[in-house]
Amino acid sequence: MRVGIVGATGYGGAELLRIIHSHPHFEISSLYTSSQQGKDIHKHYAHLTGIIPSTLEEINPIKMAQDTDVVFLAVPTGVASQLAPELLSAGCIVIDLTGDFRIKNTEDYEFWYKRKAASKEWIDKAVYSLPELNDSSIEGSQFISNPGCYPTATLLGIAPLAKAKMLKEGSVIVDAKSGVSGAGQTISLGNIYSELNENLKIYKVNHHQHIPEIEQMLKQFDYNSPITFQTHLVPMTRGIMSTIYGTAEGNLTEEEIWQLYKDFYTDKPFVRVRDIGVFPATKEVTASNYCDIGISFDERTGRVTIVSVIDNLMKGAAGQAVQNANLVFGFEETAGLKFSPVYP
Amino acid sequence: MRVGIVGATGYGGAELLRIIHSHPHFEISSLYTSSQQGKDIHKHYAHLTGIIPSTLEEINPIKMAQDTDVVFLAVPTGVASQLAPELLSAGCIVIDLTGDFRIKNTEDYEFWYKRKAASKEWIDKAVYSLPELNDSSIEGSQFISNPGCYPTATLLGIAPLAKAKMLKEGSVIVDAKSGVSGAGQTISLGNIYSELNENLKIYKVNHHQHIPEIEQMLKQFDYNSPITFQTHLVPMTRGIMSTIYGTAEGNLTEEEIWQLYKDFYTDKPFVRVRDIGVFPATKEVTASNYCDIGISFDERTGRVTIVSVIDNLMKGAAGQAVQNANLVFGFEETAGLKFSPVYP
Amino acid sequence: MRVGIVGATGYGGAELLRIIHSHPHFEISSLYTSSQQGKDIHKHYAHLTGIIPSTLEEINPIKMAQDTDVVFLAVPTGVASQLAPELLSAGCIVIDLTGDFRIKNTEDYEFWYKRKAASKEWIDKAVYSLPELNDSSIEGSQFISNPGCYPTATLLGIAPLAKAKMLKEGSVIVDAKSGVSGAGQTISLGNIYSELNENLKIYKVNHHQHIPEIEQMLKQFDYNSPITFQTHLVPMTRGIMSTIYGTAEGNLTEEEIWQLYKDFYTDKPFVRVRDIGVFPATKEVTASNYCDIGISFDERTGRVTIVSVIDNLMKGAAGQAVQNANLVFGFEETAGLKFSPVYP
Amino acid sequence: MRVGIVGATGYGGAELLRIIHSHPHFEISSLYTSSQQGKDIHKHYAHLTGIIPSTLEEINPIKMAQDTDVVFLAVPTGVASQLAPELLSAGCIVIDLTGDFRIKNTEDYEFWYKRKAASKEWIDKAVYSLPELNDSSIEGSQFISNPGCYPTATLLGIAPLAKAKMLKEGSVIVDAKSGVSGAGQTISLGNIYSELNENLKIYKVNHHQHIPEIEQMLKQFDYNSPITFQTHLVPMTRGIMSTIYGTAEGNLTEEEIWQLYKDFYTDKPFVRVRDIGVFPATKEVTASNYCDIGISFDERTGRVTIVSVIDNLMKGAAGQAVQNANLVFGFEETAGLKFSPVYP
């Protein structure tokens, strides 16, 4: 399968290149850019020297539909709202890594993203796919909206309890922490090394745009309260940890809750539920597509604490996008994604 | 005033040396050790070469009472439970940086610390002093129990609301994050660079020994529920952030809550309440005695989020110990502690 | 091919597991340990949960010869000097990642390593193989001595000039820098996070045990002077950079020197000589088997500066060991090693 | 003494504020800016909240001459070439932290800095002062040119041998490494966290603008050859290490060389020559004005290796500037600079 990538110079794009370079069924056909046509990708990413020889091409939907079997959009949020419909209309199969088609309610999108929503028609056509939580097969879909990094970690951590209707309404607080690569190659004072190194920050307090994405899915599970969701920037490049607090209904023991998780993810190759009393650290999934989960119940408070970790660029972006592409084309879900995390 | 330090080779001890070296009223008289007698401190801490010429001496309570006006115990928890009473009996004034005399209920201590409590007699004599929250003066006290790092950040963040009886019972969740120096010079696989770098971990889930210290103080404020308190290890050397979640009673607006904090800390030189919408990062207090606080109220959920940051070795240990010593001797509270944070 | 690994709990072992897990011709058969028999590898390395199910077995040369086609020794230096001969005598094919068989002169080994050398008989049988610099094929060899991390980066950086006899005798100075994982899981004060983070150290000044390994190879190139070689510890987990200074004979221009390198490595898939004026950074080879080289000639001083970077755990250890194993068995040199560096 | 700072929003400016805040003889009078008039400094540097209340003022030489006793120029290189003469003409005493007046030969400046030199008249008036190496007192000087960070570490490391005429011509190679704060708050792709973290880079190969500054001083010591000087970026915020290689004349032993250094710096409070066999690490001088030096002689090669470390923002910029200001006004050289390094 010939793969086109728009936005290969971003970190999500770099990870797509790394994965697809070793994928048994996909191969990189073309890289597209809105601003750097003619540049060699290895001028931007020296680590790709001699591996990915492609020159960046300009975006041309008709030509892209001919030259590719699938296009990944690893562009900044906002760009996809225009670009995806053009590509889809030209006949491309599109996996969109941006936030532009995740929120079905355009008012919610515009409130949280502070920008104009894509057209409702195309939003409705987009299939939001967090594979482990999908209700139906996405095989043959033309347009996939790939989940956000925080929602992936958070929803995988919360879904077994929520889908079992065992989460007390109004009880969910998510304290999320991310490595810096989530900000991509944004060139700003706040993103420079000396400002972030040896520093821990909270940001977008009560206003992170991933809140409506998580709540939208929780509503599908019949959990209808707003959640408290705060995000922190940790001085490391990769990794997300969602520490999720909630109150469990039904007088479950810790072991029963743990069993619920084990059963829920029994056939899901990328979710690893740790043993009782063992909690994952972010580096244990670095550069891989795994989501690792640890579970604890505190009898003193009646609260459950769930720890869910992913690599934000992999299961939180490029890895999950390839997982979705595998499913769209009917390949094995793990094709090209079976590699071990890189440790240490 | 002549200062003796027991445990100068730990990181808390190193910070005491740094502060007292520039303190207008204290000077380092002697350094004591249980295991490295005769060694020069700069063999252990090369950064002190030429600054602190002291040779480590063996512990001798009678001699220490003669040679010092105040002794700081910067020893591992457990050591002070025996040592402090010996020093106090010999007539020393003692500032104890360990956890051994913080918990008034010995059963609680033994449950959480998993070790034998100090004698109840001496525990009762110890004055737990988190200066900004003290009800009465500690001037002239002989025995101060210095608070833990997490309790300092957390209690300063929560006290204004709690003391105002505006925190809903059962609503408090604290998601705390610390730099690695909190583990001191512990030599273990879990503390080596390659295991911690580029990694984020949760640890002591539901079992951190600082929980009873926080709850003990909250009870004094008439908040009587157990709290959920989780701790995370962040890949940086210094800094603690407590992200505190709670539900406020009384229909306060964000501005009213913020005003409550501003008023509460109006005469407290080491607490800086940030403007509404501004949140502190840990590096903004590095190497200083400040505790910086940011406040947010979310109308969607009715929850308050308080962010409180300190340098764990300073306001969380050595800085607060010197602040307490200043108060014991009737010096200005800020003596020797007025320096700016080190940034970047 | 069935692979056995002795020392899988070290970082070199962890990388072997990662590579072999995705290798087309090798599969992990057994993991051996001298001290942790019966333990599951994922108790030590949680990142391998669900990937590498093996339980650690005790070392038994006879059984190992039956159960494996090749054994990698990723043990501490000193252990292999005894173990390798036992395994070889039992019929194993052995790739030794330690320093024990690299130095052909046992006096030199004992001077630099400060320990007893292996028996001269077995040292003579060991084939030292830095593949890009080998004079003859190693296919069918039973016993490979895998080069050290610093020698790999340094020799690949220096070989084209040295083999061309264009390096002035006595002119070579190597300023080498390494990430911390080179120290493995050594549990010592000097290896803990707070001591190494935000810190840059020089170590083993004039006494690093990799000096005789580099000089031994240089002598094969007819460069016979001792080199100045200093090593520094950089606060990062992975990566080695050798900055190599020397004086070139023969009035070559920068372009001619560069062309010499391009030609020398023209058929070497893992060496990437960068364009003139472009220099590699360590992260551009992270988690890959590449060695990237940049070249500069300074007309003011007549000196050449060569920059050579590798991932110390990959091309500097496990990656090169697998590369050697590929060659021993006649597989394609790049089998299982073609993956892209992980960036950022 | 009333201090004015131009460029307080840079990292050098931040350090000046930190030092002067605790200085016994200086106090911050005014902060000046070319672009952010009216802004509170704590809007830029939250760590200064409540400490330094100043509002940024516009640059006005006449007013500055009235309002201050000394002005520090912590502006980007290039800005001082115009500004310093204006301030000096208006009667200000000026300590210039930029490179604009360091190079006495304007052709050299223009070659290395790739920009127009300041007027020769003012360059000649500027007193280049690296205090430990000054030949005469600078008390009463109106215009001080403060040395660069790399030249400070390098020249202090090399001066005892060079001044003793014991360095072989043509033998000096300096491999210098710096933390990232040396790049200041430069907002560029190359300066963002994810590009620099876990990465080691060489930069400005053979072209660093600090080369002529070092060579200019070496010529004063009668060492007349060009030096090889390479600079590397290390993933840490602060610290410079210069590893200096040279050949010593005169058959000195290691102990004799070491004694030469001890004698040379015997009355210099900020230079700490370590014991033989002991080498400084950068963190051992963090946030202090010390320069620590380690010395080694290798009999195998006849080469000396000198290791010199400083905090680039302190002894490499703001600390040395205050040291110079102390000397200009006849204060004790160490006034306001006696504090201990911050460790860990």
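All chains are identified by letter, namely A, B, C and D, in their written order; residue positions are counted from 1 within each chain.
Operating definition for what follows: a contact is a pair of C-beta atoms (placed from the backbone, for glycine too) under 8 Å apart; a residue touches a chain by one contact, two chains touch by 3 or more.
By chain, with names taken from UniProt: A, B, C, D = N-acetyl-gamma-glutamyl-phosphate reductase.
What you see is a predicted model, and the numbers here were worked out from it, not measured in a lab.
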Residue numbers at the chain A-chain B contact, same meaning over half shared and different meaning under half, come out as same
Relative to chain D, largest Cα-centroid distance belongs to chain A
Cα centroid separation, chain A vs chain C, in Å, comes to 36
Per the C-alpha means, the centres of chain C and chain D lie apart by a whole-Å value of 38
Touching at least 2 other chains, the residues of chain D are 11, 181, 194-195, 197-198, 235-238, 281, 283, 286, 344
In the complex, chain D touches chain B at residues 11, 14, 17-18, 21-22, 45-52, 181, 197-198, 237-238, 272, 274, 278, 280-281, 283-288, 292, 338-344
Chain B residues touching chain C in their complex are 11, 180-181, 183, 185-189, 191-198, 235-237
Touching chain D in the complex, chain C uses residues 170, 173, 175, 177, 179, 194-195, 197-203, 205-206, 225-228, 230, 232, 234-239, 241, 243, 245, 279, 281-283, 286, 294, 296, 298, 300-301, 303, 305, 307, 309, 344
